[in-house]
Structure formats: structure tokens, C-alpha cells
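Data first, discussion second: the structure below is written as C-alpha cells.
All chains are identified by letter, namely A, B, C and D, in their written order; residue positions are counted from 1 within each chain.
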Amino acid sequence: MNISKDQISSQNKSLLKSHKDDLDFLREKLSGKKIDAEKIITDLAAFQVAIPSWALGAGGTRFGRFSIGGEPRTLEEKLDDIGILHALTRSAGAISLHIPWDIPKDTKAIKERAASHGIAFDAMNSNTFQDQAGQQHSYKFGSLCHTDNKTRKQAVDHNIEVIGCGKKLGSKSLTVWLADGSNFPGQNNFRVALLNVLDSLKEIYKALPTDWKMFIEYKCYEPNFYSSVIPDWGTSFTLANELGPKAFTLVDLGHHLPNANIEQVVSTLMTFGKLGGFHFNDSKYGDDDLTVGSIKPYQLFLIFQELVWGLKNNARNNPSPAWMIDASHNVKDPLEDLLQSLEAIKIAYAQALLADQERLAEAQQNNDPAMAQEVLQEAFRTDVRPLLHEARVKSSAAIDPIGLFRKLEIRRQLIKERGQKTVATGL
Amino acid sequence: MNISKDQISSQNKSLLKSHKDDLDFLREKLSGKKIDAEKIITDLAAFQVAIPSWALGAGGTRFGRFSIGGEPRTLEEKLDDIGILHALTRSAGAISLHIPWDIPKDTKAIKERAASHGIAFDAMNSNTFQDQAGQQHSYKFGSLCHTDNKTRKQAVDHNIEVIGCGKKLGSKSLTVWLADGSNFPGQNNFRVALLNVLDSLKEIYKALPTDWKMFIEYKCYEPNFYSSVIPDWGTSFTLANELGPKAFTLVDLGHHLPNANIEQVVSTLMTFGKLGGFHFNDSKYGDDDLTVGSIKPYQLFLIFQELVWGLKNNARNNPSPAWMIDASHNVKDPLEDLLQSLEAIKIAYAQALLADQERLAEAQQNNDPAMAQEVLQEAFRTDVRPLLHEARVKSSAAIDPIGLFRKLEIRRQLIKERGQKTVATGL
Amino acid sequence: MNISKDQISSQNKSLLKSHKDDLDFLREKLSGKKIDAEKIITDLAAFQVAIPSWALGAGGTRFGRFSIGGEPRTLEEKLDDIGILHALTRSAGAISLHIPWDIPKDTKAIKERAASHGIAFDAMNSNTFQDQAGQQHSYKFGSLCHTDNKTRKQAVDHNIEVIGCGKKLGSKSLTVWLADGSNFPGQNNFRVALLNVLDSLKEIYKALPTDWKMFIEYKCYEPNFYSSVIPDWGTSFTLANELGPKAFTLVDLGHHLPNANIEQVVSTLMTFGKLGGFHFNDSKYGDDDLTVGSIKPYQLFLIFQELVWGLKNNARNNPSPAWMIDASHNVKDPLEDLLQSLEAIKIAYAQALLADQERLAEAQQNNDPAMAQEVLQEAFRTDVRPLLHEARVKSSAAIDPIGLFRKLEIRRQLIKERGQKTVATGL
Amino acid sequence: MNISKDQISSQNKSLLKSHKDDLDFLREKLSGKKIDAEKIITDLAAFQVAIPSWALGAGGTRFGRFSIGGEPRTLEEKLDDIGILHALTRSAGAISLHIPWDIPKDTKAIKERAASHGIAFDAMNSNTFQDQAGQQHSYKFGSLCHTDNKTRKQAVDHNIEVIGCGKKLGSKSLTVWLADGSNFPGQNNFRVALLNVLDSLKEIYKALPTDWKMFIEYKCYEPNFYSSVIPDWGTSFTLANELGPKAFTLVDLGHHLPNANIEQVVSTLMTFGKLGGFHFNDSKYGDDDLTVGSIKPYQLFLIFQELVWGLKNNARNNPSPAWMIDASHNVKDPLEDLLQSLEAIKIAYAQALLADQERLAEAQQNNDPAMAQEVLQEAFRTDVRPLLHEARVKSSAAIDPIGLFRKLEIRRQLIKERGQKTVATGL
């Protein structure tokens, strides 16, 4: 199932006149404010977000899961799905693999297939939160934190294998998300658990190639409901500092306590050069893993404001973070959900790119919060969609990706090809 | 797998001397405060908590599930497990069934087996949050709230079947927990969804026998992450009022937004005579379904304080609520977890029974919050465990249920009987 | 201190060309979607939001307060401040008074002054959360809920006086916000407190003129930190139902527990015809009373979506709610803060007015959450500001109210007139 | 107003028989479990908690304040109030001063008065969250973070003066709590604000005597409602690491986001040797500053469990933290409130001291969460009050401090001495 350039250009043709009018109008408005629309369009076109291999099927909850149909059954089909997203948007040019779900049988073939879609291999993800068939030691009571050193070693070895797998594919980073924690007071000795994790991470860090990065994810709760071993950015950051210059913190938008100021966390990490990666999603209650921008689009913009500013004012050489969508699709078509997420990310990015940083800095220096708000909301209230459309037109992607996805009846075709009752590996 | 009276009395014998000392000491202390220990012991012995049929196996999360071994494979084995709990405590004398998981093949045999354990049939639970094999209409987008009236009718019919099933077993109530809701703004029309639920409940209510009650559960989120159709007590209460005198609100301790004052909700519902049922568990973040009393034992006591006071000052004839434990057991042995929950419930109940209501009322009347706190904490800080032990001794149950459970190696025997890899139906 | 029509038209003149271009472009876009821009502009121009008399000075916290200077010292000056807001926006045509802070010495003169600014008298607010000099009974332990009936009577009488005061001014509603509650478990008997409030409200209700409404506000906490007597919409709604058809619930956006779905509360109240009033503000943590739209503008839009839809589909004859801004201005100039709030409210209202309700209803009926989101976000992402500008142009208000406010150096003049160290009565 | 030894011993005499019975019973129980009651009693008697000078009067909220009467008007009277607490409990042997509220006029006289009560001078507190009369630069927009370096310098100088003041009195530590932050997105540049604070703290750190410690407090929000410059332990810890070995993090129980696992934060800080101080209070919603143990006594116990274990397993030489109560007393008599707080702290401490660390460690090693919970709850459910009573008897303090406080009608006498309408400096 591929989308051809013709199909895209044919749809674009029908929308082009209206798009050009919108773009011209916006370009003129921006130019009146001395904002270079072309620069923003170029930045937008260059911005790529990795798609996790496990986000292409229907997600579920502990209460159940409802199939969507046509879900990818193999790594090859996952690449094809991302190929669809990338063809439509030219923004999804990377995949993030999850081991052991995605171990390639034929590495060369997989690399070729990815290349044919224009897809790179982003961060590799290890899995020590589930037991695999035939696994010797159970992760029921943790992995890198486990009280038993044989279990810890097994988990360390798994991570090292994941690195090995990634090296073959051309990945350059490892994301460690730990479910390790406890459900009850007293279950864990907090200190023992934390120092065990630190020791285990040191072993993995040793195996990290010199040009790789390690991303340490944090999460306040779930699947453990009393404590996580790495519950917050402070713990992840401390671990990263103990490990060394290749270790970074990874921020997932859904992994915070209620009311957390995530944009400030982003700023603090960049201040110290330790923001390594980003998992986009949205949420109202916990780690709800909803479509990016579906609940709190202004927060998303404020985060991008920090990212854009931080990368331009980069005294501590924070690397450009690894961007990834990490959402779950319980009721929407996963591909449509991802298209909406990509759109929301790019809208927030575009808004941040056109925020008047000079006037903002001036308002901040003058302690003029009303004016600072005016500047930020001026950017946020601007309808930047023509810039996204133009970035896609220039990249031979679709002006209206969801519209085309529906018009081409892609889900129907995927179901025809793959069947109604397929289940993607993943959550 | 049964526990004999001999096994219990033999353990009790070894603990009796120490128990009697503790009891005598406490009895004297209480008597000095004009508190009748015998009355409390009698109340404790009479207090029965239903065990849900789905809480006897290992629970899990969307990230995975780790087997415990020896989990009950059939309704018969579920009854046997509760039989163990009841033999050890004489407090677990009821089961709450979940349909379609627990449809008896031979009703008479099931009733006899339950009777042999001393177990009654408490509230029946319907399931419209999962699709069953061969089901015509999917509940992916709701059941009683569904936009399609055929799906609503199917869900209504299911509930009516559940009533029918319960009638045969001797149950007297139906609990309706709805997963219905939405994951995204706009997905549902709130009003349409709410009025559809009301209409559907009216249909079910019509089928309710005159001596039955309907319990309407509320939950703020999960498995839907933007809205639930019945998110809070206010909605459940409004529905119950619209339905009539047999409809009541059911409170589950884990179904509230952060920081909610649950004891006040309990009081408000009893003030208007509409508190129908109670699902006990504990939580730190969301609907964590942890062991009762493992996180916030003081909150549990405060809730029991409202229950005890409300049932004694019962102007609106609130019925005695249906008590049930609704927890999930991801890392503990489910039977041990339930034993700990039963203990925590009875401790809180005993503390509430010995709180000095007269002095409390006086402090309240005088606006003396320091004294009100003294009264409540005096009760909470009292070590009431000897009263629980005595209630069990008098009922031929075990003084130390968990100790005996471990000593008799019951889990090992269950695994031997049933196997290591059994999976109980349930969550 | 008045703003003249000339000052406004002179500023508008300089912005008119650019505004007309924007408006023409947007009008054409909307017309392509069969949306009648003129209708929206008319609705926007008609929409009036009351300004509370206590929100015109600098606010503070328990940790301190920093003066802004030029704050209004009298009711006359408060009217003048709102006169400035109304001249700039033609959207702030009402004041909400707080008694005893705002008792007019000369009712006739006050009415004339208000009329000269085009300002009506919206809901009257009573104050039983502070003790006034010479007050016989203290509200330290509550007012309408108090255990002492003399204190309750004093609070009831005060509310009746507030009604009397409002009758003279032409107000048609009374807002009751109760600080009543408790700081500690046991301090209050929940039921006694609730029934006392109900009894007290019945007394006040009796004194309510036939063409008046009573708005019952709820708040989960603060200034009490364990319980509020009216903590949630369910309690307020129950009280309103007990009182009768003139009693309604009032929603303040900052009075909810973390993560509450406020738009759903709005929908539920309108479903039963009981949404009476609205206090706009924004918040991140608690009742932060920040500028409307400064934190969660999408939530604000979703709320307006419910309001717009609910008033168009008004089976239970919910009255048009009383709109008011209830914010605190700790670091911004209060008048600028209110101008930003008015702008945010109207933006959300305009977005809701142009949401495609038909396509939304279709997506809902088809259980197509992706499309429902597209519809809502299409509206939200539209830059509707030209519609607001045009509504103001047509009302002889300022295209750029904050810009003009700054250009005319109004705060500087107010300070010159009134002094630097004035303190407005209020919070 | 002093309490004489005779008054105390006379009350104790009347309670001694009953106390001895309780103690004997408990001692025997503990001895059966190989727990040395005497050791716990000694530890309890030695445990001293500082009382902040600002917590001796009635607290308030932004909505108002209700006087209690007899509040201390001077530093001398504050010392006298703590003298009462210390006489009654022998646990309140330190005061924590707040500058500029508590600048001694006659240092020698103040030291003598403190010594006469047995009171030491604990951590000094600076105040840069309010403007003082005649202050040159305002803290409205921050202090150590301010964009203007003159304001920063003024705040730095103030802190250095506070150190100077403390040196004269014999204090050995400075607590820095910063209200610095922002109310709106964009108001602050997060990075600039953070680095300004770091620079300012470095200046203060330079002025710190070699035997002093600096405690850096964090708080997620209030009085700022969008961001705090030091919002969480991670930021405070990072600052402390940048500053050096004399800098530590201070934990205030009320300064966390909802659902935070504070006991884990305590453990993490001790793991790295950086837990410097502790502010005790309790809360349900935000920084409610309620009586310690009045809402979540089990959490308090779990925190003490970490403290006790951490100080016994102190690989990184974490100093013994500075203990202080930081609560607000809006409806209780402040002295009664503090007596209840002291009692709750010591109960939690005693429970932690008798927790069976060996069995707990074994359960943790074996991944036996049910048993770990049994161990912790065994300690928590034990009625340890006889141990507290005995520690007081041995220290010539009152068995029943609140009872004696009321019997002696101390508040009545304070009002007689000081008047009804006094207002203590403070919050």
C-alpha cells in the first residue's frame, strides 16, 4: 500500500488556488511585522518526527481493546504505514523501534525498505516491563532496579542487545524507559532501587558507542501505583549527570503530576544541556496518550517556545532533541491520529518560530507581563496553517493529509490487504 | 482446597493467651471511657464485605500482567477462593458476580457450593465495556449512551439478563458501571450521551424486581480519557433521582479527581438517602485499585466515621450500603491482598465505632476544631486489633488470617491443584 | 478620567486600512464555508460581560500585595474605571457590586453615573466571609452554615439587605458565594452544615423578588482547606433544586479539583436548565484567578462551544447565563488585565460561533472522533480577531483597546488623579 | 505567662497511674518483639522541633483573617509562647526567626530570655517576598531572580544581614525561601530567572560562615501561579550542588504537586547527602499549612520511616536535618495547634523507631510486598502514645499538654495580658 506522487499532486492541484491566497495573505501580514515566512517554511519542512513502531495499531486499556482493522503485522508493514504518513506529510521520516517486538529478520531488507520510504532509524527502545516467552528471570518486581543481580544482569544484557540491533540499522540512540517501581509503601527500598538502577545504567552506558546517546525517561506513576524508581526530571537528570556526557533526560508530556509546568522543565534541562529527547502526546488526567494538541494546544506552543528559544540560546550545547510521538489510539484510526499529531506539532512549532522574541525579551526585562502575554498570544492566535501547507507543497507532500487519507480510503485498503482482526505488536 | 475448623482453632490456640491479654487491657481502657467493647465486637463480627469474582486472579495494566499461579479457572473455584477468605475471617460472606464471566452452568450446584462456604450472592455486575465474541454491536463507542439505538438496546438487554441471572441466585441488586465516555473533545455530545444513558437506565429500571436496588457507579476517567458520561456523584445522584426510589449512587474510593473529599460525598449522599453501595480500595494517583488502607488509612477511618454516624442518624432512611472490595492485585497474592483489605476495613470500622460521638458533637457545636480532632484521632490512634481478633475468635475464624494462610501454604496448594499458568477471567 | 469618542476614532482611523484587509479576507474565507460573518459580528457586539467592583485594584495573596497605583477609592471611581473599559471595548457594560464594600451613599447619583458610562447593575454579591467592624457575630466558623442560629440569621439578614440594595439599583440577581467550610476533619458535621445552609438559603429565597434569580456558587476549597459546604456543582445543583425555579448554579472556572472537565459540567447544568451564571478567569493550580485565556484557551473555547450549542438547543429553557470576569490582578495593571480577559472571552465566543455544528453533529452521530476534532480545531485555529475588531468598530469602540490604553497613558493619569498608594476595597 | 514545674507535676500526678499501666503493657508487648522501649523513649525525649516565630498568631488567607486574641506582639512574647510549648512538651526547644520581623533590639536580653526558656536559635529566615516600608527596590517582580541587578543586590544584601543577625544569636543556618516566579506564561525568561537566582545564591553562600548551612526551599506554586523559580526538589538540589557542601535542600510537606511521593523525595535527597531541613505541616489541596498529621498521618509515618532508616544508613553523611513546624492557624488556637503538631510528629517518629527494619529489609529483598506492608502497618497501628508520655514524664513535661493548656486557661491569660486585638507579625 503506497501513496503515489500523482495521487498527492492531484489533490494538491485542487486545493492550490485557495492555499496560495491564504499564503499570500499571511506572508504579507508577516512581512509587515518583519517576519520571514520563507525561513519558517524551510524550518517546518526540515522538521522530522519519529513514529514509534508500537503506535500503528489500536491501543487499549486494562479494561479492553477494540481492533481497528488492517493493523501492521510485521516490521515491514509498520515501515509501510510510516511510509504512508511520510508520503502524506514529509514530516515522519523516522521510526523508533521497540525490541524485542521489532527485531529484523533480514536487516538489509529492512534497511532497504525503510530507505525506499525515506525513513531513518531513530532511538531504539528496550523492553524490560514485560516478560517474554522463555525469559529466565521475571520483571514482575523490576528490571534494572531488581534486588536480584541475575535479573538486573539479564535486563542490562537486553539493553546491550538493543544497542547492537540499533547499530546494524544505523540508529544512534537508546531510550530507556523503566516501569520499575512499587505498588505499596515498603515494597521497595527507595535507595537500593535507585542505586541499583544507577549501577545497571552504568553497565549499559559502557556499551554505548561513542557517537550514541542514551535517553533516560522518567514517569511519575503507571504501571506502578506507589512509586517509580525514576519518577521525575530531577531523578533522571541526576542519573544522567552521574553517567556522563552521552546521557540525557527524555521528556514525555504525559509523565508528570497534575498541573506540572512542563515548559519550565524543558527550559531547566536545556539550561544545563541535558534535554535529550521528547515524546509528544496530550493528556487530561494521567498518561492518557491522546493525540498531540487535542487537549492543551497552548501548553504545546509554550513548550515549543522554550525549545526554539533554547536552541537559539544554547550556551551549554544542548543537542537537538530526538522528537517522537508517543501516543495510543484507542478510538481513532492510528494513522489519522498520527496525522493530527504531526499537524499539531508543526502548528506549535510554526507559532513559536514567529513569536517576536525581541519584544518578548524586552517585556521580560521590563517586567511587563501583560505585554509578554500579548507577544505570545499574538503568535498563538495567528493562523499558521498556510505555512504548513506550503512546507508540504514544497516537499511534494499533501496539503490536506487527512483529507487525502480518507479520499484514498487507505484504511479500507489496509484491511483488505491485511485483514480485519490483525493485532499489531505493542501496547 | 478447604481450610478446616481444626486448622483454625489450632493456630488460634497458640495465639490465644497473648490475644486475651491484649483484649483485657483494651477492654478495660475502653470501659474507663464508657465504651462497650462487646457491642463493637458484635458489630465487627456481623460486618460482611462482598468479594468480587474478578478480584481473585492477578490483575494487570495496559503494559502487562504477571501471573500469580493457582488462579481460579471457574466460578466454582472462585467460590472456593472466597470460601478460604471467609473461613479465615468470617467477614467475606458474599460474592459479587460479573456477567458474562460468571454465568453459572448449573445454578443449583453453584448455590449449594456457595452455601457450603457460607457465601451469599451480593450485587450483580453487568459488562458493557468489552466486546464479547459473537456480539452483534460493538461497545467501542459506548453502550447505554451509544448514538445507535440498536447498540443501546443490546446493552439494556444485557443488563436485564444480568438481573435474570441474579434472581435465580438470590441476589438483590444490580451494579451498573459504565465505561461510556469519550477520549477527545467533540467525540460525544455530552447532553445526548447523558440523556441516552438516562433513557437506557429507565428501561433497565423497569425490569428491576420490586425488592431489588440499582447502584449507579460514577468514575471521573479511565478507560476514557476526556470525559465519562457519569463522571461524578452529582451525575449519578441526578440519574438516581430521575429513576426512582430503587436507584442509588455507588461510591468507589478510586473514582475521584485528585484531592476530592470523599467522606463529604458519603455524607451528602446519606443526607439525601441515596448512598447505595461502596467499593473499597486505595489509591495514590488514579483508580490504582490498591489494597484497602495501604495508602490513606486515615481517610478510610473518616469515611467510616460518616457511615457509622449516618446510619445512626438516618432521617432519610438510607439503606445499609452494599459493601464490596474492588481492588486489583498486580504484585501481591490476591488472597493475601484481600485479607489485608478486610483487616483494614474492619480496623477503620472499629475505630469509627469507638469514636466518642457525643464529645465530637459538642466540639462541633462549640466550633472547637482542636477538640474535634482530638476526639477523632483518639479513636484512630487506638490499637483496635484485639477487637477484630476477638470478633474472629467468636466466629471461629483465625486470629491471624495471613499468618495461617502462609503457614498452611495455601497458594502452593492452589498452584498444585490448578496449575501455574491459570488465568482468572477478569481484569 | 474619561476616554473620548475622538480619541477612539482617531486611533481606529490609523488601523482601519489594515483591519479592513483582514476582515475582507476572513469574511471571504468564512463565506466559502457558508458562515455568515455579519451574524457573528452582531453577536459579538451584543455580548456584555460584567466587571466585579472588587477587581479594579491590585490583588494579593496571603504573602503580600503590591500596589499598582491609581486604584479606585470609591464606588464612583470604580464605575469610572469600568467606564474606561466599556468605552474601549463596548463589552463591559455592567458592574457586579459587592456589599458592604459598595453600598451607594446616593443611589440616584450612582445610577446616573453608571448610566452615563452605559453600565448596568448585574448580580449583587453578599459578603459573609469576612467580619465587618462592629459586626455582632463572627463568621470565623461559617455564616449560613453556622451552628449558632443567631449567626445564621445575621448572615441571612445581610443577604436580604443586599437584595434590597440591588432592587434600588436595578439589579435582578443575587450571587451567593459561601466561604463556609472547615479546615480539619471533624470540625464540621457535614450534614448539619449542609442542611443549615439549605435552611438559610430558603429564608433568603423567600425574600427574592419574583423577577430575580439566585446564583449559588460552589468551590472545592479555599479559604477552607479541608471541606467547603458547597464544594461542587452537584451540591449547588441539589440546593438549587430544593429552592425552586429562581435558583441556579454559578460556575467559576477556578473552583474545581485538578483535571475537572468543566465543559461537561456546563453541559450537564444546561441539560437540566440550571446554569445561572459564569465567573471567568484562568488557573493552573487552584483558584489562581489569572487573566481569562492566559493558561488554557482551548478549554475556554470548549466551554463556549457548550454554551453556544446549549443555548441553541435549549429544551429546558436555561436562561442566558450572567457573565462576569472574576480575576485577581497581582502583577498586571488591573485594567489591562481585564482588557485581555474581555478579548479572550470574545475570541472563544467567536470561535464557538463559527464552529460547524452540523458537521460536528454528524461526526458525533458516526462516532468519528478524528473528524469531530477536525471540526472543533478548524474553528479554534481560525484567527477570528478581525471579527472582534469589526464588532468594536461598529460599536465605536477601539480596534486595539490595550494599545490605546497605553498610548493615552491612562494609568499614569489615574495615579495623578487618585494617588500612588490608593487601595481599592476588595481582595 | 509561664507554666511552673508544679503545675505540670500536679497534672502528671493525676494521670500517672493510668500512664504507668499503659506504658507497662506496651513495654511488655515491645519486649516480646525484642524492641527496646527505653531506647525509643530516650530518642523521643531528645527530639526537638523548632517553632517559627511567625506561627504564633492567627493565620489568614487572601479572603481574610480572624483574630485569636492574646497573640504575641514582640519577639519577647514570641519567645514566651514557645516557652509555654517547651515547658509543656520539652520538644519545642528552638525558635526559627524571620527577618525583618524579628530583629532583636537587645540581642543579649533576647538570648537570655530564650535561654531562660531553654530555647535555641535555629535557622534564620530571610524575607524577600514582601516590600518593607522605605525599601528602595520592590520585590513585586522577584528578588534574587530579578531582571534588575540593583534589586538582586538588595535581596542578596538582606540575606547577608540575616546571616549577621543570626551569628549574634547563635544560629547556624539560613533558610532561603523564594516567592520568586511568575503569574503568566512569558512573564519570566525561565533560564534567566534561574541563573540569576544561582548567581545571587553564590553571593550569599560566600558570606556564609564555615560552620553554617544554607537550606534552599522549593515550592511548586503560590504566591506565583504560573511558575516558581525553584519549583521542585530537582531544582533546589541542582542549585545546592552548584553552590557547594554547605548548601542543602529543604523539604516543606505542603510544597508539592498533587499526589507527589514525598517520602521518596526524602530518600533521594538523603541518598545524595543533601537533605538539609524539614518544614512539617499537612495539607489536602495545596500549601494548606494545616496541623501536622491532621490529614495524612500515614504519609507522615512513611516519611519518618525514610528519615530514621536514612540516618542509620548514612553512606553520604547526610547531616541531621533541621526540623521545623511551618503551619498556619486560621481557626485553632495557634498554641494548641502547635501542640497537636508536636504530638503528631513524635507519634510518627516513635512508630518509625519501632518498625522492624530487619523484617522489612527481608521482605524487600524477597519481593514480598504483602509482608513489607504488614511490617510497616504493624508499627503504624501500634498505639505508641505511652512512649511519648513517658518521654515527657522523664523530661518534666506534661503527660497531657493540651489538657493542661486548657485547664490552666492559658489563652485567657494571654488575652488578659496582651489584649484581644493583637496581631502577631507574620502571615
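Just so it is clear, a residue touches a chain if its C-beta (ideal position, glycine included) is under 8 Å from a C-beta of that chain, and two chains touch if they have at least 3 such contacts.
The shown structure was predicted, so the numbers you read here are calculated from the model rather than taken from an experiment.
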Give the chains in contact with both subunit A and subunit D, ordered by label. B, C
Counting C-beta pairs in contact, does B-D beat C-D or the other way around? C-D
In angstrom, rounded to a whole number, how far apart do the mean CA points of subunit C and subunit D lie? 40
Geometric centre distance via CA averages, subunit C-subunit B, whole Å: 42
Subunit C touches at least 2 other chains through residues 140-141, 182-185, 187, 220-221, 226, 258-259, 261, 284-285, 291, 294-295, 298, 331-332, 367, 369, 373
Of all residues in subunit B, those that touch subunit D in their complex: 18, 22, 25, 29, 32, 258-259, 261, 284-285, 291, 293-298, 331-333, 336-337, 340, 347, 367, 369-370, 373-374, 377, 380-383, 385, 402
Okay, in this complex, where on subunit C does subunit D touch? 59-64, 66, 129-131, 138-141, 179, 182-185, 187, 220-223, 225-226, 258, 283-286, 288-291, 294-295, 328, 330-332, 427
Within their complex, state which residues of subunit D touch subunit A. 140-141, 147, 182-192, 194-195, 220-221, 226-227, 231-235, 237-238, 256-261, 263-264, 267-268, 270-272, 298, 302, 305-306, 309-310, 313, 360-361, 363-367, 369, 372-373, 375-376
